[in-house]
């Protein structure tokens, strides 16, 4: 039986390849996590199990898709950065977004028991139909500075939200306020005000809070750090910006790169990515070229 | 700390709302399922557990997203049809695709043990990192006939592939051929030839095979069937095509519709959706208006 | 000399084909016509020479592009409707828009002397650099009703603006007001108020104004009108909506259609296109099939 | 009369803003110029009148749209480069393309008599309906190198085509061949072969041909050239690439820039734009900042 009389419907698919030579960021966001957090009893202001689970899922996504050079996560969102020379799925937006979202979801659900079950005091199995799910979108950034500004935006947002949440929940959990009162009190306050509330009312020095909560989570392949004296952030960015198209690479180099990428440990750190230092010491993030593997002890 | 200096990066997000007044089909496909089938020992040519799991996940997606009027699944793919008046997520392609893909993945992974574990002879737990994942895309169809031709295309494809696979695996499993020999034998054969091979060599009458495998799976809300004498497929399609914009509906009717939709059982059937009969008896699929709830016994 | 090392730049062109099976409207608008009208002394509220020139350019565009089934013009704008089965330029938006805009501009400039020069009392040659130019955009409409509602929108707008302008300029030209006073007087008035002002102050019955100004200009190929008793607007629209793809047409029919289209006179009329009558009597506009050529006397 | 019931049709317009922080190239191409050249007797291989007319129209476009930093023309095509920080028309593709195409067409038609009419031996008026028209498209380039490679591609193409055409028409006009014979002779030849044919058969040294034909036409605002020793192409490109967003400029500087741009002479030159020298000496092309106005004598 011929299928040809119906195949014309394929012509309605519209191409969605993203502009070449631009950085692709796929950001995913938890759907309806307020309700989900309530149902599964996430701790406030931060639930370490939930963050560890997000990070485990993000590491699995990066392992599955070596074209991702960096990921940044905070709360129920994660941003995955594909190198600007990336050709995966011919850069089709829907393929990139749906693959990241599906892989993340699969590992999140599958790894849930590792973080939320298995002990007497921590045993919260997932119960359908309220399962964790995520949506996603892709955005292109033409220059290194655009990309870094995107990540800066997310890390500053992490800080702003975490300071607010830390203060809010201190007022509720330790200060005996209800959420309306706490919201009212914080309306119009600046960072300094919140630091002051934390310190004077609850003896909490915000600076001593965990970096995991203050900085979010940065995921990347771990090669040997480069001496900052030998490198320069602005020059590195410009060199990368001036790359015009994916370099032609010999088959043996491609194989070799692939092996080094596969050997590299994917690490999760809670550090500042706004300052240049992070980038200067890890030039492989922008060049896309694997660095030197750390010496084994 | 103001975040405004980085917020310009939001301007790089490009809008992706799908054309109004068109049917939206989100199709998802299993990623690398050949390898996955091998690893988890899926039966050939069809694994009932795997199909039941796909259908369970599809039902969960439809329950979560009432804007979906119909879903059609075969093998490792599923197509979800959003009504042409649907306004969900302002019709943004990436939100629609990623939400469907993530929800499907979540329920697929979470329901896996129900279908693949739990008995002595059926105990195949998922083991990371080879987890089932899916990608997806959205396509718009302006007219009912375009939409039906899309579904026809998938159901004809189901038939063609299943007849091939049934014959191929009979040759291998019962005929003692290896896969090269079976492929060679089937090259250039027509449907009649494959029917003949099945019947003469293996006493298999293809018509007696399960409809689940021959027709695929059709998922929809189940209301009272309409007498085909009182309805007419062409007229119904034209009436729906001539709708120009989402109807304005009173709040009470909207509430009422929502309740009826929520009460309706979501059913999975393995039936012909190419002929008019399927559509004539279920006018709610095209109108998007909930039908009458079946009388309870 | 090989050009291949630079040809990669072609990959940056992004496809822009419009969704199949939808009506394409290309609308063009005069750029900065307020200044242009002032410089070339266009009469207010309407300049017949300018409208005739717009219509001449629109006819030339339709002659050049037989895929256009209808055009509607008012003031310094013109909308061109491509039939939903149109395959011109593979439906690429930029080709369609730029071709219409360029052809319109070319004939507008070239025909200017016919309408604005050549007599003692009418001799306004174009003088660079202030030349008339137009911009444009393409929009898709899935159903006949959507398309007709688009045209209705433009014709209602024509009426609203012309009634306003007629009253405004009567107040200025005959009533001795300046433009601030006239604007102030008309603020918040309804149609009935403006009709009343025209009639009581200036003895102008708006109904007696020229249809060219009240209705705008409708351009189409002129075949024999069909008896409205034998046709039905709703049915015709539905029949057209239910067309799923461009019909396969024999070469001889295609040739024949082309000849009939070329023979048909392109006419400009100033009539109501909101009521069904216009469409019922001219079924070729929606079917895209050429009608019967009028008998020659 | 309210127009609101039809205004929903505006929702069908889909946004088409081009990605920020990328160079926008709008290229226009003559439609059906083979036929047009034949009808108006363009000289072969190059018609100086026609090229001068193209260049005059391109200059008018650049004068009208100061956001264009450079234009490059050859044969019946012209590429206009908008600076990557350009915000004109909110970067909407259809507005940019249609405005360029319409303005170019208007000046081309209007200036035709200047180049093709007015003397006994040169009097070829335009006669409708075969008027010159153009289509167009917009493409984004993220980096300076991408942009320069685009322009390199066009200039190399100019060279390849002109060498071919020069040899072809020498064979026809001076060698007595018909076009089939000339095509046959040139099949598979390299540049060196064509140079040899020109020289040995017709005593034509291709290097002595006019640069207008060999290099095409480069249009830009003319400021004081910069000493190449004080500038560096790679550094300049990198500095421009690393710009992340349109700079915030004081009102007085913006006014001042505008005036300097308006005062600058727009020049047409026939020079090499592939080598760095062109760019190093004219840094304003990439920075978008107006240079120093040449001293008046």
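A, B, C and D are the chain letters, set down in written order, and residue numbers restart from 1 in every chain.
Simple rule for what comes next: contacts are C-beta pairs under 8 Å (C-beta built on N, C-alpha and C of every residue); 3 or more make two chains touch, one makes a residue touch a chain.
Just so it is clear, the structure is predicted and the values come from calculations on it, not from any experiment.
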Contact-richer chain pair (by C-beta pairs counted) among A-D and B-D: A-D
Proportion of interface numbers common to subunit A and subunit B (over half same, under half different): same
Rotational angle, Cα trace of subunit B fitted to subunit C, multiple of 5°: 180
Chain centre separation in whole Å, for subunit D relative to subunit A (CA means): 44
Between subunit A and subunit B, centroid-to-centroid distance (C-alpha), Å: 32
Whole-Å separation of chain centres (CA-atom averages), subunit B against subunit D: 51
Residue list for subunit D, restricted to those that touch at least two other chains: 8, 12, 14, 19-21, 140-141, 146, 149, 245
Residues of subunit D that touch subunit C when the two form their complex: 1, 3, 6-10, 12-14, 16, 28, 31, 60, 63-64, 93-95, 97-99, 101-111, 126, 128-129, 131-141, 146, 149-150, 152-153, 156-157, 159-160, 191
In the complex with subunit B, residue positions of subunit D that touch it: 8, 11-12, 14-15, 17, 19-21, 245
Complex contacts: residues of subunit B adjacent to subunit C: 19-22, 84, 140-146, 149, 234, 237-239, 241-245
